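See structure below.
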Amino acid sequence: MKTINTCAEFLAYALAIEEEATERYTVFAEQMETTNNPEVAALFREMARLESEHAHRLEVAAEGESLPAIDPWELDFGDEDPPEAVDYSATHYLMTPYQALTLVLKAEQRAVDFFQRVAEGNGNDDMKQLAAEYAAEEREHVEKVAKWRNRYPPPDDNWDDDPDPPNELE
Amino acid sequence: MEEHKDRASSSISIALIGSGGAGVMTAGSMLLEAAGRAGLFGIMTRSAGPQIRGGEAAAMLRLATFPVESHDNEFDILLAIDWLNADRFRAEIPLGTQSLIIGETDAEPPQAFTDSGARTLELPLKQIARETDGGRENMVVLGVVCSLIGLPLEPLHQVLESLLKRKGQAAIDSSVACVDSGAAHTGKHQGSYQLSLSSEKQCDLWNISGNEAAGLGAIRGGVRFVAAYPITPATELLEWMAPALEQVGGILVQAEDELASVNQLIGASFGGTPSLTATSGPGLALMTESIGLAVASETPIVVVDVMRGGPSTGIPTKSEQSDLNIAIYGLHGDAPHLVLAPMSVADCLFTTQWAIHLAEKLQTAAIVLSDQNLGQTRAIIERPADVAFVSGRSIQETPMEGYQRYAVGGNGVSPMALPGTAGCQYTADGLEHAPSGIPSSRAEDHRQQLDKRRDKLVNHDYGDHWALIEGEGEFAVITWGSSLAPVREARAMLLSDGIDIRIIAPRLLLPVQPERMQQALAGVTGALVVEQSHGAQFFHYLQAFYPQKFEFMSMAQPGPLPIRPEQVVADIKTRGKY
Amino acid sequence: MEEHKDRASSSISIALIGSGGAGVMTAGSMLLEAAGRAGLFGIMTRSAGPQIRGGEAAAMLRLATFPVESHDNEFDILLAIDWLNADRFRAEIPLGTQSLIIGETDAEPPQAFTDSGARTLELPLKQIARETDGGRENMVVLGVVCSLIGLPLEPLHQVLESLLKRKGQAAIDSSVACVDSGAAHTGKHQGSYQLSLSSEKQCDLWNISGNEAAGLGAIRGGVRFVAAYPITPATELLEWMAPALEQVGGILVQAEDELASVNQLIGASFGGTPSLTATSGPGLALMTESIGLAVASETPIVVVDVMRGGPSTGIPTKSEQSDLNIAIYGLHGDAPHLVLAPMSVADCLFTTQWAIHLAEKLQTAAIVLSDQNLGQTRAIIERPADVAFVSGRSIQETPMEGYQRYAVGGNGVSPMALPGTAGCQYTADGLEHAPSGIPSSRAEDHRQQLDKRRDKLVNHDYGDHWALIEGEGEFAVITWGSSLAPVREARAMLLSDGIDIRIIAPRLLLPVQPERMQQALAGVTGALVVEQSHGAQFFHYLQAFYPQKFEFMSMAQPGPLPIRPEQVVADIKTRGKY
Amino acid sequence: MDQTSTSTAALKPKDYKSDTKPVWCPGCGDFSVLSAFTKAMAAMQLDPERVVVISGIGCSSRIPAYLNVYGFHAVHGRALPVGIGLKITRPDLTVMVAGGDGDGFSIGGNHFMQACRRNVDMTYVVMDNQVYGMTKGQASPTTEPDWERGKLTPHGTRINPFYPLVIALASGANFIARASSNDPNGAARVITEAVQHPGFSFVQILSPCITFRPEQRDWKKIVHPAPVVATADPAVAARRLMTDDNFFIGTLFKGERVPFTPEFEPRAESAHELETAFRMSA
Amino acid sequence: MDQTSTSTAALKPKDYKSDTKPVWCPGCGDFSVLSAFTKAMAAMQLDPERVVVISGIGCSSRIPAYLNVYGFHAVHGRALPVGIGLKITRPDLTVMVAGGDGDGFSIGGNHFMQACRRNVDMTYVVMDNQVYGMTKGQASPTTEPDWERGKLTPHGTRINPFYPLVIALASGANFIARASSNDPNGAARVITEAVQHPGFSFVQILSPCITFRPEQRDWKKIVHPAPVVATADPAVAARRLMTDDNFFIGTLFKGERVPFTPEFEPRAESAHELETAFRMSA
């Protein structure tokens, strides 16, 4: 993982993380809406809302600062996928809330880990301080999501059983 | 009201709606199969949202004590597992005041449906399903429907048994339990749409789609080579044929595109093997140049066009009869060929088989115009009779001095030497040619070969199969293909008002049969032309080739909605001045 | 006999025959050019054996004091440099007793020609040529012809001067000498086919082929992009356009095939550039799928089909009007589009230009049906008038909130936003779509867009250009394209017998113009349909779309021979019961 | 590497998205490709109205309508010629063509080869899932010969697969790369490079069809970065392809082949000039 | 190499010629190719009635009618699929496809590539004159980019030429060779080898168009034999092609790729069997 040294750099990373998460949760919510899975759709909508709030708060925090413009592929998270971003291939139209929240949980945990790593890294102190705050905040998220997930039963074995064939279109 | 009851006792229409994963299609198929086992006739069509998976879907069934080929004017029962985006099916599922809408408890049915004045019924489908281990709502729904229409549960149990075998006994048991439980929940509605089941069972019924029927017809007709490129809604015909051909020693080749597939047919047929492909509008468009080659080189091939909504990519999953023009007139130059159209699911078998026979016999290209409606409708039908039509190509079997592949004279069909026959070597050509096959631009050769290719088709005796003719009235309805079914139902409705109309539906669209048509129209004073196209293609085709003293009237309605019998009745009543 | 003389004084038909290398084509071209410089009108067509080089060839000319568009019933002069395989042209070069056959001394003309009863003349062409250093028989022949028809040698000298410049003065001198010497050898035949040259010269004459005229019309109409694949007999149109387009900043791209070329047009047109391609039957067949895309996506394109003998590869070098069907009906689905047909060499310019204007204005695909006869005939014509038709596409020039590319309403033509226009981004689609362009399979959207695409064409006012209408009789001859010329000559012949017929030749074949046709047919009691096809395609087209109380009669003759005026006269006399 | 600042005026990936919702199956690789497109466009700060994305028919070919740029959803297999006609006549636009392996390598195979040869300055992105998704799972040219679940090829296609990178290189494409939908950021980078490189750029993106080829979910474990940097030498590129396992990710070739850029500047003609050739100087 | 004796019964090259006279220009390379065909057939003592030669449209594509075997003069660009359909259903026949560079590599380019992939046991001979002869001299895919005499490309095509051997190898052809019409005997040998080798064999024959490309008469000075013997290793063949000057003559590749030979033995079906699937067991 590339070292992150300044607050500006860190904020740029954090913003990218939140924006990516917002985008993906939005896409997933839309997916579930179009495939008639409203319960999971609502859940992803909620996540998208939370993440975009984060992003917005970051934007406010970064007001006045000139953040470096980093192309998405220049962001370096070590070997990991971007923290807080659920893999595009992970969704399924029959997925249950439990499964959705499990994905969210993993992503949030990766965010915790990332911020923690930065906080423990060797950047300047202000930045480390900021990172630690974020790590703490994300940790709260993790707990919240974990609780949230407990409200739902785990899926049964044939959760993805669809007796009908896919549609052909063109 | 009474009338409704009467109709209901012999034919019931049921729509099952639900989102992907709910299994309405499977439930529908099982219901159809069970009805068939109980000796009923029926059809099932499908509709779905634009999503590839997970979208809203509808299985639309009509079960009846008599053979049915199209949907009724209204649905009697609409049963939804969920209502998500269900209103997209509004136009496809017309309801009336006698209809019954059934949905999950506390899930309000969309106003689009309730506006019809239909009665509603709420049932705790989810809860009923949950009460059974591994239970599913779609099985509950099946039980509900059976109870409403009075279908005994036993055949359905059998269907579950055979279809769920590979899932294990537990799955069967839970499905059976759900069905039974669903059936037990209809309360006072039980039997309220009772179908009068006849006690003597139809003993030779089939459950088949038009696409499958066409495939079977092809094989019965002698086709042993298919080259094709997948395209909706023809793919299923091909998918059925791939393994089926193997059983008879034939083969299906998936080609790189339609240009390749049609030319592979020409090669195979040149070698002596009856060959066929299936496609839809865009694919047919790509094939026309080479269909012209088949015509000019007198190489038999058959192309089944399972029509969909056009133009261009159009509406691939919906039916329309708008490829009539391209099929009749779409080849460049003067290229006489065969165009045939099946008019029911069962007739897909007959017409395809006949097309192969004719193409082979007359050494030309045949286009079979099926459509999405016929092709993808699954129906319980009486086992189609075996017909004697098999490929019977005129072959030059023995060596022959001065063999001329395109010899003129006689009935225009000249014996074809197959590679391997010594002494008859020739080169087939798409250039105009002398009787030998050698290219020629002489006026006499051109005229002779043009005459030959036309006359062999025109002079053939196609017999009574050329058209279906029914009824005696002075007012005729001329229609074709899948539009025949609603027209026939319309006639039945009119008959009950004491009005008879004459129906003429040509199965053979090219070459035209002026004398036969004249005979069929004898005494007719007015005719309505019913078709599913925007441009009134069939109407203009009739004017072009069968002009009459009276003027044709046109009822042309584009897809995607099917033509309903009552629309035809209304139109006839206005135009026929009844 | 006298009649012949009269006709001869205003129109003379000459055929020059010779093997490859003899230079008859060049001689013919020079003669035509010289005639034009002398203020005459004329046409020249060609015919050749199947060999690529060295085969027998014929240049067939008709020179006249009035504009001519087709060949006469007979040729007055047949002049052969040699007679090798010349009899293959027998059918194309009809002779009469007043005709003169000229050949090399001691070279017997083929019986096929002498059977006509024509007079013969032997001339020592070879020897005359040899007398001049570097002399060639084809130049001698030119002199002979000039002398026979009384064409002054001066314009021919000028032609030689300008055309042989790059070969040097010696070549010019020897050619001039041969010409003069040939002219001196006609003896008593001098002036025996004298054309009455008018003293006032036509001052604005052009020497142009139909293919070139179409190319020029395209550029005048605004075409700046052409993508194409060569095919006989359209290639020359493209070959003319390649450098011509460069002069106006446009470009021609040679594509890998017709599928690519038509789709390149669609791309270029989507970007705002009026685009055209030219092809012939087989190429058109390959294009139909994507022409349908142009229709559905409302992207203007123009396809010129220079028709040749069909079906399949057919007779590529000969003319036929047998692509009418594919042009009118060849697209799958309901795909209303424009079909236009020029009816003379000069009209190739007008009609092509108009087609571009209409395609652009109505945002659709236009097919222009030219043919080998029009395309490859070289003619001396009056300079065609400038017309105001230029591309005038309705463009959404400014950003617009909620822009809908396929908005319905109005005249059906919805402003098109071009890439680069901010705020109007949309996706053009060949799938059926909502007004926004988003795919839709809803019945309302389908109906609306089908209506839109049809109505915008049907409701446009095409004005008087839709057809050429001539004459007053109660008997009509309805014809189209290159068949008009012999029909007009037939009318002239009939007029001299005091018979007038009415000629109706639609330039606009699609959309049909029922009201205008009804008006044109007012008072008509019988009509003969004249066309160059085997299947009577135009006849059936008329029945399909313009049914009349009276029955149409059909005179349909396939290629490769052109229709002769006297055939039309004979037919009219029989059918019109004159 | 970016010149743009993150001023509020800057366009974000989501600004390149349209309001139309994909019909794709959740989990389909194409979602990630869509995201890569928007990221690449944002990285280049392209004016949305000056970008055109053209496609054929297939699941993947639905992509234009999901972008807030100009689009053309053409017929099956013919997107490339549409793109070529557009780019030649509108060199000011950024032209991208996108679609599937069936659309591009089966019915469209010839146009692919000829477009590589013509080397017009445009970018072609193929979302390769080694199957026909839209028509329910038949084998495509890139399908392994022994895949037996294609319903038209129950014993597998038993024919040699099509190697898109090899054909692209052999035919004359000027930029050749492979990306994976598992790494949308990496795919965005490759698309960006491809657009910026002159001439015809070809990008194969491995994009699983989770419905008909669920086993492709495992691709994320199989793909691996290209061992070396892009070469400008076709021979070097060709040698690398000889050991290609079809799963390396990265840019293979950035060539120096001269793009096809004919002059195109339409003028209202001087009719006179063109007419002189026909006029008889009597 | 011949098993047949030269008894009087043996067929001579002329026995494979038909009575139809070629329309070709005297001097055209195709005459020599015609002779090579007859020699090859005689060398193999093929029964004329068991040979089928299929072509598209073009000067070269006129060849079937000049042979005393079965022939099919199909439409432009589609000869290969005709051949494939025939060979799959009539494995007993010797199927050869012949034509020009325009027919085979331009309009027919996709079928060429896909036929190589499919690797059906047949032989494809392209008479390459780097021009469209039949339509009077336009550039073809193999034309040099700077040839300025094509009337549709007055400044040259300015696009990368098509390399038939490279595409054949990349796509999966099992036999690849180049011959020259200047050496009809050599060409006959190559054709013989090609026919005898299993799978899809591709032979490019340099065959000048003396009418539209008179400079090709010089080819006879330029062609030169391949320096080495044919390889069975695609990688070796590919390396050799990297230094190909397009004028080496000889067999490049004789592969061991498995031909596509599906079972085909038509039987009158037992209708019963196929029907069971539909029958309701009431």
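We call the chains A, B, C, D and E, going by the order they appear; numbering starts again at 1 in every chain.
Criterion: a residue touches a chain if its C-beta (ideal position, glycine included) is under 8 Å from a C-beta of that chain, and two chains touch if they have at least 3 such contacts.
Given the structure is predicted, the values throughout are model-derived calculations rather than measurements.
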Touching both chain C and chain E (chains): B, D
Which of A-D and A-B has more C-beta contact pairs: A-D
Centroid comparison with chain C (C-alpha atoms), farthest chain: A
Fraction-based call for chain E against chain D, same above half, different below: same
Reference chain E; chain at largest CA-centroid distance: A
Averaged-CA centre spacing for the pair chain D and chain A, given as whole angstrom: 29
Inter-chain centre distance, chain D versus chain E - centres from mean C-alpha coordinates, in Å: 32
Distance between chain centroids, defined by C-alpha means - chain A, chain E (Å): 58
Euclidean distance of C-alpha centroids - chain C vs chain D, Å: 42
Chain E residues counted as touching two or more neighbouring chains: 73, 75, 106-107, 109-110, 114, 141, 262
Junction residues of chain C - those touching two or more other chains: 50, 246, 256-257, 282, 289, 292-293, 297, 312-313, 429-431, 439
Multi-chain contact sites of chain A, meaning residues that touch two or more partners: 34-35, 93, 165-166, 168-170
Listing of all chain pairs that touch each other, if any do: A-B, A-D, B-C, B-D, B-E, C-D, C-E, D-E
Chain E - residues contacting chain C, complex: 23-26, 57, 59, 73, 75-77, 106-107, 109, 132-136, 138-139, 141, 150-154, 157, 211
Interface residues, chain A side, partner chain D - complex: 12, 19, 23-24, 27-28, 30-35, 66-67, 69-75, 82, 87-93, 95, 165-166, 168-170
Chain C residues touching chain D - in the complex, by the definition given at the top: 33, 36-39, 201-208, 212, 216, 219-220, 224-225, 227, 244, 246-251, 253, 255-257, 259-261, 263-273, 275, 289-290, 292-293, 297, 380, 383, 386, 417, 419-431, 437-439
Residue ranges of chain B in contact with chain C within the complex: 50, 88, 91, 281-282, 284-286, 288-289, 292-293, 295-297, 309-318, 320, 322-323, 325-326, 328-336, 429-432, 439, 441-443, 446-447, 450-451, 454, 533-535, 537, 540-541, 543-545, 547, 551, 558-561
Residue ranges of chain B touching chain D (in the complex, touch as defined): 50-55, 228-232, 235, 238-239, 242-243, 246, 252, 254, 256-258, 282, 312-313
